[in-house]
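Below are the structure tokens for one structure; questions will follow.
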Amino acid sequence: MPQQPSPRPELPPLRDSHSTLNQIKARIAAFNDARDWGQYHSPRNLAMATAVEAGELLALFLWSKDEGPQPPISSRQASVQEEAADVAICLLNFCQQSGIDLASAIEKKLARNAVSYPEDLVRGRMEKYNEYHHPGPGARKSPDTSASDPEVSSPE
Amino acid sequence: MPQQPSPRPELPPLRDSHSTLNQIKARIAAFNDARDWGQYHSPRNLAMATAVEAGELLALFLWSKDEGPQPPISSRQASVQEEAADVAICLLNFCQQSGIDLASAIEKKLARNAVSYPEDLVRGRMEKYNEYHHPGPGARKSPDTSASDPEVSSPE
Amino acid sequence: MPQQPSPRPELPPLRDSHSTLNQIKARIAAFNDARDWGQYHSPRNLAMATAVEAGELLALFLWSKDEGPQPPISSRQASVQEEAADVAICLLNFCQQSGIDLASAIEKKLARNAVSYPEDLVRGRMEKYNEYHHPGPGARKSPDTSASDPEVSSPE
Amino acid sequence: MPQQPSPRPELPPLRDSHSTLNQIKARIAAFNDARDWGQYHSPRNLAMATAVEAGELLALFLWSKDEGPQPPISSRQASVQEEAADVAICLLNFCQQSGIDLASAIEKKLARNAVSYPEDLVRGRMEKYNEYHHPGPGARKSPDTSASDPEVSSPE
């Protein structure tokens, strides 16, 4: 009696507790390769897709209240997980196509944020780094420059 | 001779090749805890922040061309890494506050996408799953329903 | 004594009380024409720019509270106006390049939304139209279809 | 013989050629008032909705090519109009709740952009204003400040 061919080897489950970003990236890459989607996956297009998915995640939280359930409709919980996954899939795909080691980039950004947001200055506060009034001569020069400098993007 | 106090233990570097999502999440949580930012970190607020950061990433790719460099201005490369990190930081923070195992959610979403986008049907194509014309009786019923059903969000 | 040439005729002020969308569109088009920016203004690129600007507007409201001031930092008020203008500029530019009469599209969408959100059903409620449980035989068939149908976008 | 009650007066059609923003705003306000949705319409919530709708508009243009049709699937054209309308509805609603005269804000922003993007400097170019290398003493001081100053938003 002939055995059924097993077309794909069993893959280990992905879990936050033991999966590395490289392992997750590889799973996403295999999915795309099987569909020949690499032709669409320029960094710009994947940045677009990431923004689209982040908007879909945000949509699930529209009109919620500070003190109420989030998402505000409990039956959306499964969709929340799916949209969070979509954002991650697009972002990891983006990083792969752009040659970015995401874990390393996160580490660098946290280090940079630690300078922009010194613990003692910002504890419990939510202003942007350029909205704090730094006292004394050690302060960042012209901290409000970029606050009054709108982030316009030409050519709009 | 007294030793200098070492205020923080040396942390192992974060890298895609060996860092798990739990390790990265822990690093982000420590950063936030030190600033008492948990009070701002509701799921809705973190979904907002994720969308904001995804928009900042996208901004770096505005006006680029299919065949040209992406990002279109090479000096933006460092900002690309930072914005990608910002999206990831907000998303991982969101997952932590929402109790989502992101790696597991990615695995489930890839499995679901594999059904929505069968390899033989979609190879090399870019339509959404509900824009394919499924032939025959095995087809998804009313595949165009949601295409003609705008994703409006009340109360707008 | 020669008079200084007046390089541009005085333009009438733009105001919500009397400016039509065509008048505003014309002002934006003149700005772009003077900079030869039409080459960048494909519908896709302008949709990208609109999303980017909407993200910048949203950024000003991050971490605000339901009952607190919005934006949460009062000095951001001027930036709010600028970012709202940026969204509008990109969207009107998009409509012009896409041949969309925006006022007419708004009218049609409100009519459509009036069907999706009947006053008596939705008064004071915030669910999406497909999350209401329509009673009886006149109900929309399978109202939950698209709720359980994630808006995935291939090829992600 | 009793006359049928005419529940609503006939409203004049909205068109870009003759509708003012105040007329469009009034139509949107009437729609919302009839549903008692004002309770959800804080500026933050409407900024969220604007970003969500801008993402839905962008989704229709995913994976399109510079030289190909935009949107890439022609049957999406009706959805493009609807999503453009949704962005406008949310933005106008936002402006009404925030006390912003949008036409006036657009006029001011174009004037400001005219300074940031002088015609002779930027003609046919797509860099952001802070990426131009201004020659000579008349140049903006420290034009690259905000380019190297990432737009981080605390508390992320």
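Order as written gives the chain letters A, B, C and D; numbering starts at 1 within each chain.
Following the convention adopted for this analysis, a residue touches a chain if its C-beta (ideal position, glycine included) is under 8 Å from a C-beta of that chain, and two chains touch if they have at least 3 such contacts.
Quantities reported herein were computed from a predicted structural model and do not represent experimental measurements.
Shared numbers divided by all numbers used gives the overlap of an interface; between subunit B and subunit D this overlap exceeds half, so the copies present the same residues. Rounded to whole angstrom, the centroid-to-centroid distance between subunit B and subunit D, based on C-alpha atoms, equals 24 Å.
Our note on geometry: subunit C versus subunit D, Cα centroid distance of 4 Å, whole angstroms.
With touch defined as above, residues shared between interfaces to two or more other chains in subunit A number as follows: 35, 37, 40, 48-49, 51-56, 58-59, 61-63, 66, 82, 86, 89, 112-113, 117, 122, 126-127, 150-156. The touch graph of these protein chains is complete, with an edge between every pair of chains.
For subunit D in complex with subunit B, the touching residues are 32, 35, 37, 40-41, 48-49, 51-53, 55-56, 62-63, 65-67, 72-73, 75-76, 78-79, 82-83, 86, 89-90, 93, 126-127, 131, 147, 150-156.
For subunit A in complex with subunit D, the residues that touch the partner chain are 40, 45, 48-49, 51-52, 54-56, 58-59, 61-63, 112-113, 116-117, 122, 125-130, 142, 145-146, 149-156.
Residue ranges of subunit A in contact with subunit B, taken from their complex: 13-22, 24-25, 27-28, 31, 34-37, 39-40, 42-44, 47-48, 50-51, 53-55, 57-64, 66, 70-71, 80-82, 84-89, 91, 94-95, 98, 100-110, 112-114, 117, 119, 122-124, 126, 151, 153, 155.
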